[in-house]
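Same chain, two partners: subunit A is paired with subunit B first, then with subunit C.
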Partner chain A sequence: MPRRFSHQGKSLLLGVLILIFWLAAPTFIKQFSRVTFYEFQAPAWTALNYLHDLQDYWNYRQRSKNELIEAGIDMARLQAAYSLRIQEADAIREELGRLERFFELPSLPDYHYEVARVVRRDLNNWWQTLTIRKGRIHGIETGQAVVYSRGVIGRVREVHTYTAVVELISSPRFRSAVHIEGDLRPVEYQGGVNPGLGTPSGMARTIPADVRIPEDGSLRLISSRLGGVFPDGFVVGHLDRIQVGEDGLFQEGRVRLDPGLNTVREVAVLIPASQRRSERVQE
Partner chain B sequence: MSTHSRAVSILFFALGLLVLQAELNNWLAGMSLALNLDILLVLFCGLYLRILHGWWIVIFVGLLVDAGRPTPIGMNVIALILLWTLVVYYRRQIHRESPTHVIWTAVSLQTVWLLTLTLTMSYGRAGEWIYWQRFLLDGGLSLVFIALFAWPWCEIQRVYLKWSGWDLNAEIQRI
Partner chain C sequence: MPKRKRQQHAPQAHKAYKQRLVLLYLVIALCFSLLAGGLAYRQLLQTESYLAAEERQNYRRILKPGPRGNIYDRNGELLVGNRPYFSATVYLNELRPEFRREFIRVLNRRREQGLTPDRFALAIEARRNVVQRYQNQINRILDRNDVVEPRRIERHFSQNLLLPYPLLLDISAEDYARLIEQLPIDSPVQVTADTARYYPHGSAAAHALGYVSDSQELPVGDLPGEGLLTFRFDGKVGRTGLEARFNEHLQGVTGGEIWSVDPGGFQHERIVFEQPKRGQDLVTTLDIRLQRAAEQAFGDYLGAAVAIEISSGEVLAMVSKPDYDLNDLTPFIPHTVDARIREEGGWLNRAIQGLYPPGSTFKLITTSAGLRRGLIEQSTEIYCPGYFRVGRRTFRCHNRSGHGHENLIEAIRDSCNVFYYDRGLAMGVQAIADEARRFGLHEPTGIELPNETRRMIVPDPAWKANRFYGESWFDGDTANLSIGQGFLLITPLQMAVMTASYARGVTGITPTVVRDQAGNPGSRRNQRAIEAIGITDEQLAWIHTGMIEAGRTGTARRASSPNFIAAGKTGTAQIRRDGRPATLAWYVGFAPADDPQIAVAILIEGVIGDGAIGGGGATAAPIARTIFEQWIGNSDIELSQR
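== the complex of A and B ==
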């Protein structure tokens, strides 16, 4: 750096230099730097998450035997209930297959559930993302649906080698087709209404004019396979109040999302079974 | 330890701050709150380090921050470099030995950065009250945190450098 520059001149020169370099640099260099720097820090996030798991493990070790026995009994009850549900689901699936063959209908898409731990939550006013501990090597791809025990959680936004970034349904950039339970007409859903110290929410638009909220409750919004990302039937949120939209033809309303969205620790990525089969063939 | 190695070790303070911020945000997510402490990543580099050392550290940290956020590519690098440039440009006017000056610099620059983010990442929500309510809550929390920790944060790094044999006070006197 020439000595005739003052420190102010030097700082301005260096600032302008990086600005010019960044504006002139080709996109692939920017993309490469982004990927490289992400992969550089990803092990740190994962390691922190493993430390939390270890902390939980030592917490569980502190529990008394009586507590463990009670938890074991609860688990056995749940397992019995789920075994029955699985048998029921198998019978329904067989019946569905039989009807599809009989009426020569195209079969519904089948999914494999890849369960992943949440490593990091970045939920602020500008974006709402989660980083999960599974990535490209686990078969995850951009755009795949992500669900959790209480319904839809979002869509995979970025995939890295061992991690992936999920855009939540509360994110302003999340938009999807949904429908009201029991009504197959599509409704447009968009996230992005996230008050501080409150529950996350989104907006439902293009609700048909004849839809009414029951006096003693709310309407449940469920995912729709129309968008090509989510299968039918996963809970998105609840509509407590609707009003006539700006166009006067449709209604709109604020969708109350599950508060568990902000504290979720485990999610499942829906990987289409067709993708799994093609991967196995390649192997 | 050479001067360059000591300057590089300051990078680890910034990395530690990034991890701390992520951990705090993980915990605050349950209450629908979030912290943004970006100014602390450039404050020490701008106020106390040599210009080239600070520049390299801010670029590296900026690229790390940029990689982890769903913003347009390079937005965070450019923003952090601009914040750093402002700090360096006015560092003769800022009394670095005065906590009030350091805190005031950090809080005012962070406010500018938060406003910039809020206006550029609004996705058509700039007219909604809820959007600004969240901005006030998150921004207020971040600014309080910065006001409380900006001075200790700089002091820790200054003490560390002094301990490793680099007296920044003496160097600043010479500039």
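== the complex of A and C ==
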């Protein structure tokens, strides 16, 4: 018995010593340890994600030929629809360019995108992040906008060699300037306190006092290029109800975000074209 | 023996000891009593003052004004609102650890350099360095190059420690968006919102609406913590126009916070929070479309115009030129703007503060005075040879060759001076002065706007004797008065009210700029008793006919349009400014002549020494026509809504 106690005492002492060492260690050692730990962890997550992809692949292999044929037909339809949309987008882009030249307006900021798979989700009351399978070597940098098919996902918070961490728009640490659709005045958006499950939400503040919710619907919040991070027009969420804010100057309201945020599997990181150009020049 | 002696002396010594001990006990008891008394005095009797002192030492109060209410026109169009006023600020309280670290860093560097550090100067430098670091953060995001001033930081530190220190004021919507997106969410730098007055129509109705300026005199109301050391955010107080007159109504309810503070005076915990509330809205009687049309028609002329709804006395438009863009006066009035407006004479609201001789428009008063006394009839005919002699002095008619025989209708239509010289002398000065007073030309109209002049003059012999040290009243003075010249001075607003009175057939109309509706402060509507003019309907109809004829073919014809006839009267008066002659062009009238809805008075000041502007018919009447057209054109659409 005393021997066991002695063994436990040694372990406890070792623990205390490690804790003291950690507390007394300089910041750069802590930072280095954290990054190293993360870089060791990341390949495991990535490998796990590849395994999931393989699992999906074998899952799809089990489908019948009829199902595959139907899926192929659906895909062909979608492809046709998207081809049409691409043509429309090209026409609009040309028209925009013509108008910009005609009115001598500065060009709208242009972006390239880097599509990335989501390898990990970390959703809790304090932070809401995604880890994606693209990193520094793909040209991703801190602060870049991340979007998906249904709108804004968030902003890149940390960048590692092969992975990056994205702060979700549902995170209380995410703040951005947005517009109400059809109104060019900036509105402040901030993520709310969201538990892991359930529909995510955020808060919109500094909504001008004259804004009203239509009787038969809600207001759509879209991203704004005014803040310098996001391009115009990506959906952020919906406002169903607004009320006069604490200061009496503006209104505020809870923003209903897309539930797909918690299950998204693929995102696109928007890389400003100016950054790509400067990279090419350096090369 | 000594032992025995001691034994004999012992009781006596003990007795002496005892006495001294008792004395000592008494002294001690007295001291304790004093202490206990002092304690009781402080604990029981001075409790309140010590509690107050403790509160004063440990608590601070912050007052924040509520936003002012909006001002609307009669159709619900926004005239004055609030625009967001964003600032980037930092709470110095949150930077204390950084101040300390920076202080130690700067101190060590000085010591390394072998210098003797001045701790006070180092503290200032440390604070400046830290605040500049955050300023640089803003500079980087907004591509600016601002530098913080140590003196400003110190002043804020010593006087307004509990208020946020402003790094950047009145930032644009774009900069606001960049800051909230790119500043870290836990940064001590915060983007705070306040309001500044916003005028969507710029200079329209500038004098009537008025402007506000910063003030620390906030209405505290029922907020607790009256005796506490109080920090105040700047509020707004109305300085002129409706903003000043209805300041209390428009003023928001002040909110407040009470904080407990540490010995350094930094915030510790918020104890009380009361939210500021927006002030009440004000709905005016102005019609902004009419106002803008009138101002546009005025062009570069100097002068004033007032349009009144005849049935209610509501002021529809009030123009005073030169004016100023109210947006230039917010959030503060720059010296250059103030100097420019002062030089142009733009601060004066000529509609209610400008005093002018009314010229021939006053002949309406002379007419009704004559009708009342039976000295003028429709058939009264006077021969006008182009001049009129009073004693040895010759008074001219504006038509030098003469109008020939003129009856009442023709005299009003042609604005014949000789007719009125003759009738004015026949009825005497007192009759004319009494008639002017009956129409309220001797006193302010009572409109809600502040600073309406009280210096108007309706002269009579008593006034002249008093003003000119006993000087007599002459017939020449009466002749002058009968055509609205001489000592007579009135405001354009008074002339508009007089015109509305003739149109409606009553006197005592009180003009108002505040709509009579729920939520509005009580207006001064009908402050004076409405009375019939006191002449017969037939006599009033003669005056109307004369004015209609003037609007149809006479001097006021340019105020009419193919769609309506305006009943009017023009006037041209001569004044001397700085010893040089200047011309005043007048028009007063109402329209439509057969169903009077709106009365206007237009005054245009000629440039001193120039005299180049035409008479009232040529210069002022076309402006009146624009106003009539705008009102009647809109009325077709809106009459059913009202």
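The rule we apply is simple: the second predicted complex is superposed on the first by the 254 of 283 C-alpha atoms of A that agree within 3 Å, B and C clash if a C-alpha of one lies under 4 Å from a C-alpha of the other, contacts with A are read in each partner's own complex, and residues count from 1 in each chain.
The rule is simple: contacts are C-beta pairs under 8 Å (C-beta built on N, C-alpha and C of every residue); 3 or more make two chains touch, one makes a residue touch a chain.
Model, not experiment: these values are computed from the prediction.
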Check your understanding: Of the partners subunit B and subunit C, which touch A:249 in the superposed model: first, second, both, neither?
Key -> second
Review point. After superposition on the shared chain, which partner residues are touched by A:8: those of subunit B (first), subunit C (second), both, or neither?
Key: first
Review point. For subunit A, which side has the bigger count of touched residues, subunit B or subunit C?
Key: B
Exercise for review: Return first, second, both or neither, reflecting whether A:173 touches subunit B, subunit C, both chains, or no partner chain.
Suggested key: both
Practice item. May I ask you to decide whether A:185 touches subunit B, subunit C, both, or neither, giving the answer as first, second, both or neither? Key: second
Practice item. Check whether A:195 is in contact with subunit B, with subunit C, with both or with neither, and answer first, second, both or neither. Key: first
Check your understanding: Which partner does A:206 reach: the first (subunit B), the second (subunit C), both, or neither?
Key -> second
Point to revise | Footprint overlap on subunit A, where subunit B in one structure and subunit C in the other make contact | key: 172-173
Exercise for review: Mind listing the subunit A positions that touch subunit C in their complex?
Suggested key: 143, 172-177, 185-186, 188, 190, 206, 208, 224, 226-229, 246-250
**Study point:** Residues of subunit C defined as touching subunit A within the complex
**Key:** 66-67, 82, 84, 173-174, 176-178, 180-182, 185-186, 193-195, 252, 275-278
Check your understanding: Inside the complex, what are the residues of subunit B that reach subunit A?
Key -> 15, 18-19, 22-23, 25-26, 29-34, 36, 51-52, 55, 59, 63-64, 66-71, 73-74, 77-78, 81-82, 84-85, 88-89, 91-92, 117-118, 121, 123, 125, 128, 130-131, 133-138, 175
**Study point:** Residue ranges of subunit A in contact with subunit B within the complex
**Key:** 1, 7-8, 10-12, 14-15, 18-19, 22, 27, 30-31, 33-38, 40-41, 44-45, 48, 120-127, 129, 157-158, 165, 167, 172-173, 192-200, 262-263
